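I've put the structures underneath this note.
Next come two complexes built around subunit A: one with subunit B, the other with subunit C.
Let's look at the complex of A and B:
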């Protein structure tokens, strides 16, 4: 039997060192508050999305209620922070995310017992029900959840050591970044432990995992509990970052957001959710300042990924890197350029419809000025033009899609030939 | 007595509405193995379409046109979306319908705005049907019951007495065999999906004006319909019927009962002054989470649901 490859290779060390350097040096690029809050949010969402992928990617459990652990972790951290502020318990602020993590862990034990009795579609349904139950219950206990207004406190306690009070955003960013890095490393290591490997086996074939002596239900339970821990840490980081936690953090919307991040990034690779968290958070901040219909574009992006790139951004990147190494990526370029035109045509058509309809409904003036042109949704000609553009784009896309897939097959054929 | 009778009537009305949604969901699930997250979105679209149509040409045409439109939409989505996602497995299908549900809310918000629309009960159906002791029972609730029961009977007749119903039933349990006998199973799937969507839309047309027509209506009812399907037993129409009525009646009774553990203790002679928050929660407050608690209890004590034949 071949011994497993060592966990620490020079290449991996280099990769992790690079990742650490990136998150440590990123704040130096710009001193603006916007940039720092974006980085903080990305770091938190990275942990959250990766913890979600411990379930979907590694164990094959699609959870529609993962925000429960995140939200409860945030609330528990906030209660701990309030208690520290009132000198009830002496916990350094640096260690507070751990409290959130432990809270997520405890709720993972409680709720995981019910949810992991089933796998597959039933698990998805039950996780949704449990998520709704926790969200509805949270408003029943305003003393715990803070009710409609949420919980808030102050993260600056005392003078701090060496001037680290976590008052300035840069200090809290480094706290978040280092906690985030530790969690990412821990989750990566966990994926390579025997538990992580058996979780993969349970995902692929629970019956055979049972044959070799593992109880799939126990494996699923352990993974839910551990994922609850990391989601709780992410929640704790959010609580410290924003100093306010509302019950929205454990609602279905937050659960949906983490599904989108993990899936758009790609659940098949460890680094996929990291890409997804980065992409979705940046889009969230950038697109939401441009248009009120940004959630619509999100939904559309998600559907396109589900239908046309079910492996997410990560699998697209990996696939093209392979072609690049084989030196055949260049051959695909003309086909891709050809496909860009109809994609742009359809995209522009859809955006024109959405934006003008939105203005028509909102302000009663359907005019939209773009690049010197005036689009007017109240005129018939506009609709003729838009529908024609979308239809033409779709038609061309069907044609071009064939060329692209032919080219790709040819590229893969040469790839295989070179191997043999 | 008065409270019990009126609550029972209201509960049955609500339960029948739940069944209209859950019957389509459970048919789609047991046939295609798809848990349709967008099912409540079809309910919402049904209500919004009916609002738009009844503003132009009236409620009665809307009752017919809106479900037909939504049914066609559902069939198109099945044919060009779900069938494509199916190649990548059940998770992709589930996520596709989840994305659809997300998109549906955004579309509704873009077109009709974030606030509730003014979708009213038609004048010919407003007013009181009968008065029980001192509480009145509106005509519209009776109409809702009539439509639900009519649909129930129609669905039963369709599935048991017609040729297409028999093929659907056969495809439920042995799709491969039905395919081998020369029936176009994918087309039956499209048909069932469209039909289920249309059923959800009927529920939207008659429920949208009885309750509120707003973008949040899909999210409010969607999870409860899932609970009904789990509690009733996955893939069982009879189970879904029992669970719908059970949840409908229980919830209506709980909403109307302001009774907590503290009250209970008082009635047996114990005065609780510094009771914890949990003991002071009244049944009214618990009504919102009752369906989920029922689901958890069912999962622990009877995992296949009330009438489910298999554990999935």
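Let's look at the complex of A and C:
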């Protein structure tokens, strides 16, 4: 028998080592609290989005209620933290995310038993129903959910191992980062086990899976339970990060957010949701501080990705990496540069409309100052200019899209030729 | 006396008021290659779907190696050593050829729902899968996505997925459907090779394939088995001739 392939290849070491170094060194880039809380949020959402993709990308289950496990994990962690504060249970704060994970796992067992009886649309609908039920009942049991005000507690309990108190944000960041890293590694490993591969088989063809000895229901159930665990860990990390958990964490909004992260990042690749979590979180935190219309831009981004890059950012990355390796990526550069102008035109036009209209709605003033210019939506000239910019941009974009697509076809043709 | 590999006792199936399979009795002994033939719509594929528990029977009993499997689910029957292929290719499209075959043998190697073992470290699964791929002639396509294979290659993979788990009773549903002459010949050679020592039941339209491969043949007409026997007996059977001629006369 040939020996199995080594667990740690140079490539893997480089990849995982690089990822670990990135999340460990990132806080050194800036000393602002904003930067640290952004990084913490990205790390948490990475785990959450990957756990969601264990269902969608790997098992073919579209869940509209994945936040249930995240939110319940957060609440359970919060109760554990409260109990620790009251000296009821002696769990070190470092291990509390595990409590959230186990909470997610238990609810995965309870709810997964119901949801995984069917796949496809039925599963999606059941998950939506369960999500609404859990969200509604969280307000019916205020002792558990904290009601409208949510649950809060204090993560600083005293000096733990190595004098760590989790008082400073940097300490909690490293807790989140390391738990996050461990979860990402675990989920990656899980995708490469017999269950992980059979989940792919069930995704592709549940009927055939039955005829090779597998009960697709059990496969789905196990995946839901395991995904519930990781979502619960993410919830636990959120609880420790903010020291407050409200029932919003298990609402449909949060479930929708994770769907968006996975889709925008790309569900077909393991690292897709990591990109999605990064992108959406940065947008959420950066754009929401710039404009009240950030949710509109979210919707727009989602639409653009679903329409023009249905495989998500990850598939775009993978595609271009292939072209890069074939040495033909450079040929695309002029076409891409050419496309930048119309994209900018359309983008600027849309942003001008959205921003001025939002302003009109909220502040009753249609004036917006940008780079020394005053945009005034109450004047006809503004609309003429904006409509002209968008129309011109669209027109140019159609022409340029042709060139880009031709260039890409040419690049692929070269790629194929070199292969044969 | 050992029990037959497969035994059907008074098996019937109706969809609504329409009876598709009526009181079928069939015995296939171990190691036998048994073909089921009959005109279109005779219920051959339905019969396969009943045996493999894709549909439940309306009445009757099915036994595998002497055990009643009538009320078992498809995966339970598969675990007991009965595997089937499909008339319309039914593989895992977004997995590679290698992963298709490897998935098909994980259960039989005892890995089941394991999520603590590293798949690529399972040397037995890898080597068995490569053996099967070699036997079905897809070695050069090992790492190709199943969805990008040619039709004949997909049919070969279909057989590979069916056989990988080492089932000793194998049902093949029209393994040569839609193939050219030369592809059919290759498929027959492949079936002969891989069904060595196994019990084989096949539905097949190509009479050349049937008479070349089968030890015994059953003829199904309007959901009933009207004759079972060796190829020579079937060829000489007046009822079979009547049934085939009758249907052709009806069409005329």
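Just so it is clear, the second predicted complex is superposed on the first by the 413 of 420 C-alpha atoms of A that agree within 3 Å, B and C clash if a C-alpha of one lies under 4 Å from a C-alpha of the other, contacts with A are read in each partner's own complex, and residues count from 1 in each chain.
In the analysis below, a residue touches a chain if its C-beta (ideal position, glycine included) is under 8 Å from a C-beta of that chain, and two chains touch if they have at least 3 such contacts.
The structure displayed is predicted, hence computed values, not measured ones.
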Please work out whether A:352 is in contact with subunit B alone, subunit C alone, both, or neither, and reply first, second, both or neither. neither
Give the label of whichever partner, subunit B or subunit C, reaches more residues of subunit A. B
Can A:198 be said to touch subunit B (first), subunit C (second), both, or neither? second
Does the superposition put A:106 against subunit B (first), subunit C (second), both, or neither? neither
Looking at the overlay, what does A:277 touch: subunit B (first), subunit C (second), both, or neither? neither
Examine A:250 and indicate which partner it touches, taking first as subunit B and second as subunit C; both and neither are also allowed. neither
Of the partners subunit B and subunit C, which touch A:239 in the superposed model: first, second, both, neither? neither
Go through the superposed model and pick first if A:23 touches only subunit B, second if only subunit C, both, or neither. neither
Contact residues common to both interfaces of subunit A (with subunit B and with subunit C): none
Residue positions on subunit C within touch of subunit A in the complex are 52, 54, 73-75, 78-79, 83-84, 86, 90-95, 99, 102-108, 111-124, 126-127, 161-162, 164-165
Inside the complex, what are the residues of subunit B that reach subunit A? 29, 33, 35, 81, 84-85, 88, 90-92, 94-96, 98-100, 102-103, 106-107, 110-113, 219, 223, 226-227, 229-230, 234, 277, 281, 285-286, 288-289, 291-293, 295-296, 299-300, 303, 311-312
Of all residues in subunit A, those that touch subunit B in their complex: 56, 60, 62, 64, 114, 117-118, 120-122, 124-126, 128-130, 132-133, 136-137, 140-141, 143, 252, 256, 259, 263, 293, 295-296, 298-300, 302-303, 306-307, 310, 354, 357-358, 361-362
Mind pulling up the subunit A residues that touch subunit C in the complex? 1-5, 7, 189-190, 192-198, 200-201, 203-205, 207-215, 218-219, 222, 226
